[in-house]
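Two complexes follow with subunit A in common, the first pairing it with subunit B and the second with subunit C.
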Partner chain A sequence: METPERWVVLVCVAVRMIVSLSFPQLQQQLDKSVEFSTPFTSYRSLREGVYMLKQGFELYNGGVIHHSPLLVVLMSLIEPEFLVSLLYACLDALIAYQLACIARCFSKSITIPAWIPCLLYSLNPLALLSCVSRSSVIFTNVCISTAVLHALQGNVLVASVAIATAGYLSLYPLLLVFPLFAIFETRSSRVKAAAITSFTVAVLLTLSYTACGNNWAFLDATYGSLVRFDKLFPNLGLWWYFFAEMFDAYVPFFKAVFNIVVVSFIAPLTVRFYRQPCYAFVLCVGWITLTKPYPTLGDAGFLLGFLPLFHPLFGYLRYSALSCLLFLHAVVLSPIFYHLWVDLGSGNSNFFYAITLVYALAIASIVADLCWAMLRFEYDHGKPNYQLKVTQI
Partner chain B sequence: MKGIGIALFLSWLLSLAICDTEVAESSALEIDQDIVLPNDDDAPSSTVVDSCVLDVPYDAYSGSTVVDDQSSVKNVDENTNVEISPSIDVKEEISYPYEEKLMIKPLPNNYLLTSFSFRMDSEEFMPGKSALDYDGYGHYTVFPMAFKPMMDRTATRQLHLRFTRGFWDSESWGRLPHDGFKSGGSGVELWAIIEAESDDQAYKQWKILANSLSGLFCASINFIDTSKTTYPVKSFQPDGQLPLFDDTKKLFLVRAALANEPVCTENLTPFVKLFPTKGRSGISTLLDGHKVFDSSWHSLSIDITTECSASGETCKYQMEALVDVVMNVPNVLARNERPIPKPVAGDKLRCDLSKPFDAFQCFPLPEETKVSYSLSKIYGKQILGSNEISNHPSHVCVDATDDWTAYIKIDDTYFSTDDNCFELKSSLNHDVYLESENTSSVIRYESAPLYVSRSLTGYGQDRGGLRTVFKNPHSNPVKAVYFESLPWFMRVYLSTLKLEPGENCDGDGGISLERVMNSTYYLPAVDRARPTHLEYVITVPANTSFAISYQFDKSLLQYAEYPPDANHGFEIESAVITIIEPSEYQMRTATLLLLLSTPDFSMPYNVIILTSTVIGLIFGTLFNLIMKRVVSMQLADRVQATSGIKYKIKMLKQKLLSKVKRLTG
Partner chain C sequence: MSLIGKLHRRVIDLGLVPKIVAALPLLSMLFAVVSVGWLALLPLEGRYRRTYISENALLPSQAYSYFRETEWNTLRGYRTQIERLANSTSRERNEEVAGWLREFGVKTAIYQDEKHGDTLYGVLHAQRGDGTEAVILAAPWTNADGMVNLSGVSIGIALTRFFSRWPVWSKNIIVVLSENPKGSMRSWVEAYHTSLDLTGGSIEAAVVLDYPGVNDYFDHVEIHYDGLNGEEPNLDLVNIAISITEHEGMKVSLHGVSCDKISDNDFWSRLLIMLTGIKNAALSGLRKVNGNEAFSGWRIQAVTLKAHGTEGRHDVTTFGRIPEAMFRSINNLLEKFHQSFFFYILLAPRYFVSISSYLPCAVTLSISFALASLDAMINNNYKKLPLSSTYNLLSLSMWCISLLGCFGIAQLFLRFDAPTILISFSALISFLPLLLKKKIAEPLAYRLKSVAFLFFSLVLTSLLMVNFFLAFAMGLTAFPMTLVRTSSLNNYSLRIKLKNSILLLLSNPFIASYIFCQCFEPDLPGFTVFTEFATAWKELGCWTWFVICIGWLPSWLMVALSTLNTQPAQLDDRKKKFQ
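Here is the complex of A and B:
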């Protein structure tokens, strides 16, 4: 670890610990906000799982627990509040450090020092607050960043295990195997990665099966209800209001359609950007953030963490101002409008719904703009020519 | 399911009609039957059996006094009889297993509790055999005909139904009547013990039972489904051993409650019709919906159990139906005087003259402690004679201190007894007259062993908490079972369960959750399929109070799942507390009103269109970016110029023109 990065990582841990310790109520407040917590990622449902486990109740017999069994078991081993805060802070610092390492992998094309993405991630309020809220999304994010880093370094084993774990924790990241495998250069390493990934998933599922007292009920409670969108809770995604208002008869059909939308762009993005598989990977992360059923701002914070890696493309971005404004608009107004609707009753659900649309447009405009910038970059063969007018036919 | 209920109800009505015509025919033919016929209202003294009025009405009549100027004192003796002219000769009395009682009890603050109780037994039957195999009579007498087929079909061994509304002020009125075991939470409560092979089968039978009862009582009991049904493990346990007709089966205790069910006249009418007197004679004549439901608290209950002989060969159903009503007497009397509420005239105001008093100021006096009223003033009618169907005469008792005097008025004569209990033996109109110099002197019920109140905490429509306060004012610890069933859209976090010690809790005495709460049974909810079911045994130490609280999230429902008045909120059924020690007692908390966040109900099309548009926009943009070729502007223009639509139209135009030219030229 080089000196500036070491400092940045320390700052990352320190900031998170200071915020958690000096505002002990903040964790609960954030855990109750729709922006940082969903039924599938909230810390209080994780705690409920730990409680159930300790009391000897069945974990997945109804109730509010949708976390993976092994995560619940892991959290049941860490009892003191301080250690939990430290664990979350360290995991977040690990993500920050891995971003720096990824930046170093691209040191040829990226001119900024490697510690900049690391620092930006550390000070990104979305990532910071998501970490403080102890949303379990951080576990998935660590796995994803580990996977992409080790894939870039050519470490097939770790990358495959990491992506399998990410998929095990929240299912949709399993789609990222396509862009991830594109990072591996040889066919043999891809086959090896596929084998290791499936093996890891099988092992994790078997372990969970044993941890749940030889019961497959966890599959339905974690993945089944995620894919079926069983829990109708307001969040920043596009799903909840659509299915709250949808007519009964069409609900299964549209749930299938929405799931297909999530899957739809993974393969095309991978194929189109097969020369820049790492960028394809990030675009896929963006696409999943946009279309997944229970997104949080933690996902967005993670996605933004990758943006500094696109530094060479910034000159090509067409709607950077629009994206920024849309994003700020959504992030600032969503808690306000939610408060107006749910607490004060002076607004109705459409207020918050409008914000979710804006948020979707913001993420989409970032993804689409990056996509365009990459196409343009390819067209210029790495030598920027901003004056050239280019179009698509 | 609902059809079956309605069919049962119709068949029951039909059978009633048939029964009535049969009775009418037999009386017309004057067949000498061993039956005591109920009297017609209009002719109270025309058909009366000798033995009924030949007896002295009351054994103790020494205390009889004049209570009214118009009526003279009647010192009842052997010779004082009402002239009767029997039209039917009955050879001997036949006793039907039917009994009815009325208990009148003044409560503090001018409230009055009237408890009606009706008991009846079915004819004996042999379990597992059809009526044809049974040698004895296989007919119906006093037991309501609607119930037996239903009980047989659903293999119900015990049935408990409660219709309750209002607020029982246990802090001033004391214990609930019948120790609380006969009153439910606000709304409708139903539990039954069903014999079945499996729990699926038990649920099917339970559903049939609920639907039948729904038709019978005109209540929405048919809305009971899996999302409202619980299988209590510690509460509601039957007292003794229940008979099992088929040894291969098991007994299942099933329960559900509908907190938002309004209890009203349409429930009382079929209720009264269950009795053999049909509300036409005996104390059930008092049960008028207008009066019963114009009360501070009322509870209608039905309990049916199966009793078998020691050998287990013959069994019978026993039914107990109770109606308990608490009324505020001054309010009811005032309403009699002024059916339309109007302000009291100035000169009729009762003002405290020791305080400033003039035309504009009046400090009201406390309520008058001297009252006199009759039951007919409270219920709007008199008791139309005895029930005349069993050899237990209808029984009326007044339970009050010596400051109260109770008389029974038969026609225009007043009688009194030492123990304030009266037996109605004649078919004349009866009325109970109550008089007191000091209404604040009432027989105190023993105070309730435990006070429990439950409330919702937090604001906002997305989450909240439940807080239950336990208060034991007595000097001995209380052990109780707490039962709670919550709808699935409350997502309970049991890990947030915590205990807050009350005021007089000694802090270092170590009152902790582990110490007061044990053997917890918790079954989390399943969306749309199962309610949260929480039961625990709690020990409240002497002279302590504390609160137990936990948090929950409120789920958003689908558009169509909201009731029409979605912003009214959802009623949460009351928690049931069954006290085991020091004495058996059951109580319920008040129901709660839970507000859920609602979507905009006018928007389904807009939402579908807007979301689809945004997804389409995003999808289309990305699709274009990925699929199209990137070229420079000049190249694009060139291509456009040689392959675009404009180019094609131009080419077509040229072609056409050249053809036209060729043709013309």
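Here is the complex of A and C:
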């Protein structure tokens, strides 16, 4: 680890520990906010799972817990509050460090020093608060960043294991295998990666099966209810309002459609940006953040963490100011509108829904703008010519 | 897409972008003017709507009201008894009155609060309900003006006795006699939802009675409905209060505007009611607290009925018939109040504008600040500075520091009430550029302004749904801030400096709120507004003080800093690398 990065990582851990230790109530408050916590990622339900595990109850009987069994087992090993905070802080610092390492992999094209993306992620309030809220998205995020880093470094084994674990934890990241495999250069390594990934998934599932007392019920409680969107909770995503309004007869059909939407853009993005597989990977992360059933601001913070890596493309962005303003307003207004709806009762669900639409628009405009920027970059053959005006047809 | 492309090309062909960019300061001003103009035109015929009862179940005044002369003697009896209690302590008085309430089957309890004063309350259980919902009849012992609320309390007790003989109630009736309409009532409401043993279910609505003195006759009724922190009761509740009052033959006044003025019903009278309404709502919690404010934040719709005048043709039982008929109406409800508007401005007792009509004012005001921010960002030689230049980072970190500092100031002031120091300090900072010779880099001045206006615009945007009134008042009084000029000359002329200082002085949060209250609010003379900021936060939980300190003061400080003498910076800064 180089000196500036070491400092940044230390800062990252220190900031997170200071915030969690000096505001002990903050964790619970954030865990109750819809922006940082969903039934599938909240720390409350993870704790409930740990309790049930220790009391010897069947984990998925109550329909409250949707975390993966191995995650619950892992958390049951760590008792004291301080250590839990430290674990979360260290995992977030690991993500920050891996971002720096990824930046170093691109040192030819990126002119900024590697510690800048690392620092920006560390100080990103969304990542910070998500870490303090102890949302379990952080485990998935660590796996994803590990996967992309090791794929870039050519380490097939670690990358495949990491992406398999990410998929095991929250299913949708499994889609990222396509852009990830595009990063590997030879066909043999791709075959190897596919084999290792499937093997890891199988092992994790078998381990979970044993951990649950030889019971496959966890499959339905974790992945089944995620894909079926069983818990109709308001969140920042596009799903909940739609299904709250719909006639029952259409619900299964549209749940399938929404899932297909998540899947559908992965392959086209991978194919189109085949020469820039890492870029395709980040775009796919953005797409999943936009369309997954239970997104949190932690996902958005993670996505934003990758953006400094693409700073040579910033000149091509067409509406970066618009995206920034949309994102800023969505993040600021969503708790306010939720408060108007749920606490004061003077607003209604449409208020919060409107803000989730703004949020979705912000993410979508970031992803679309990044697509455009890379296409322009290709058009100019890597030599930026900002004067040239090109329009879409 | 091709349409947008075409439009885009057309805009480029006409060279509109540079023209618009050059006109940004003008545009910002224009948006502010549009905002004020939009508001001023709302009282025009056709821009407002007539109120209507949205919830069909309410049926105001459909049942005959029976609280008439037969009850007059009971009421006067209670009033005489209460007059005799004038010299007794609050505890003796509460126990005596509790005894009367128990006589006709009301379960009573006394909520003890040493800080704000005790509250006696009683629950009359509904014969036809399941006891999960309640309506409140409240009468504080003293009213907003500090007068003894003699008749109000007597009407409250007599009405409860009258209600107890009726088998129609489907919601529990809770009668609340608090020491005052401010802290005591508020702390009771909080205790009701957190710690009290005797409760009667979730409170749907509250009617506060304010009838000071012992006079049998009164002139007209004033209805107060502004809640704390920009909340308003559902328009249906206000509508039934107004409709019942007028149905019983009394005149209604709003926001202290006299009935004669209201009955003019022309543009100016509507404008007056609207503007005083906005002012009162923006200063709600700081000015006189009538009692209905205490119920804000708990999903309770509340109004205060206040009797005005000592002579007139309406007797005290007529006043009692308003809460009677309101209770009959609310009793019909099967759901919470939800049908009608929660965001509205009344222009007359029977005219209102809904949020879709008045929200654009605050939005355009917020946009005007955003444009000012954009102007400070791109309308100078330093537009091309990279995103991560030291000036950007420096201005952002200054924003963080001033935010923390202002939070500290806000907390400190709550402990040490020293308005003169605040004011003189603000005035000193406003004139600092005249006194100080220190120079800051020019790009930093622009960046500071840009961040400050962007932040203020964001504050306004987030506030405008929650508390439109405060957002609008703040936006308007802070607007002079955007006119502050950073001159690109090496030395300012004295005239510009002086102009900047005066603009800063006018847009300072403390000085502006002081001037605003001096001009428009007789309830808050002198420095009382600052004392009220603190007490409103401590007693009522009204966060106007924090909005002003955290939302407005940091921006102002940054703009003030940007008016210091500047020196141009070398543009080759962008070539500087990080290491």
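Simple rule for what comes next: the second predicted complex is superposed on the first by the 391 of 393 C-alpha atoms of A that agree within 3 Å, B and C clash if a C-alpha of one lies under 4 Å from a C-alpha of the other, contacts with A are read in each partner's own complex, and residues count from 1 in each chain.
Here is the rule we go by: a contact is a pair of C-beta atoms (placed from the backbone, for glycine too) under 8 Å apart; a residue touches a chain by one contact, two chains touch by 3 or more.
All values reported here derive from a predicted model rather than from experimental measurement.
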Given the touch rule stated above, what does A:88 touch, subunit B (first), subunit C (second), both, or neither? neither
In the superposed arrangement, does A:306 touch subunit B (first), subunit C (second), both or neither? neither
If you count the residues of subunit A that each partner touches, which comes out higher, subunit B or subunit C? B
Should A:232 be classified as contacting the first partner (subunit B), the second (subunit C), both, or neither? first
After superposition on the shared chain, which partner residues are touched by A:377: those of subunit B (first), subunit C (second), both, or neither? neither
Applying the touch criterion given at the start, work out whether A:181 contacts subunit B, subunit C, both or neither, answering first, second, both or neither. neither
Go through the superposed model and pick first if A:47 touches only subunit B, second if only subunit C, both, or neither. first
Counting only touches as set out at the top, which of subunit B and subunit C does A:279 meet: first, second, both, neither? neither
Hey, what residues of subunit A end up touching subunit B and subunit C alike? 343, 345, 389, 391-393
Where on subunit A is subunit B touching in the complex? 32, 34, 39, 44-45, 47-48, 50-52, 55, 57, 61-64, 230-234, 238, 240-248, 251, 261, 264-265, 268-269, 272, 287, 290, 341-343, 345, 348-350, 353, 357, 360-361, 364, 367-368, 371-372, 375-376, 378-379, 388-393
Where on subunit C is subunit A touching in the complex? 1-2, 5, 8-9, 12, 231-232, 297, 299, 336, 338, 342-343, 370, 387-388, 458, 461-462, 465-466, 578-579
Within their complex, subunit B touches subunit A through residues 459-463, 491-496, 520, 522-527, 530, 551, 553, 555-560, 597-600, 603-604, 607-608, 610-611, 614-615, 617-619, 621-626, 628-633, 636, 639-640
Can you tell me which positions in subunit A touch subunit C when the two form their complex? 112-113, 116, 314, 325, 328-329, 332-333, 336-337, 339-340, 343-347, 351, 389, 391-393
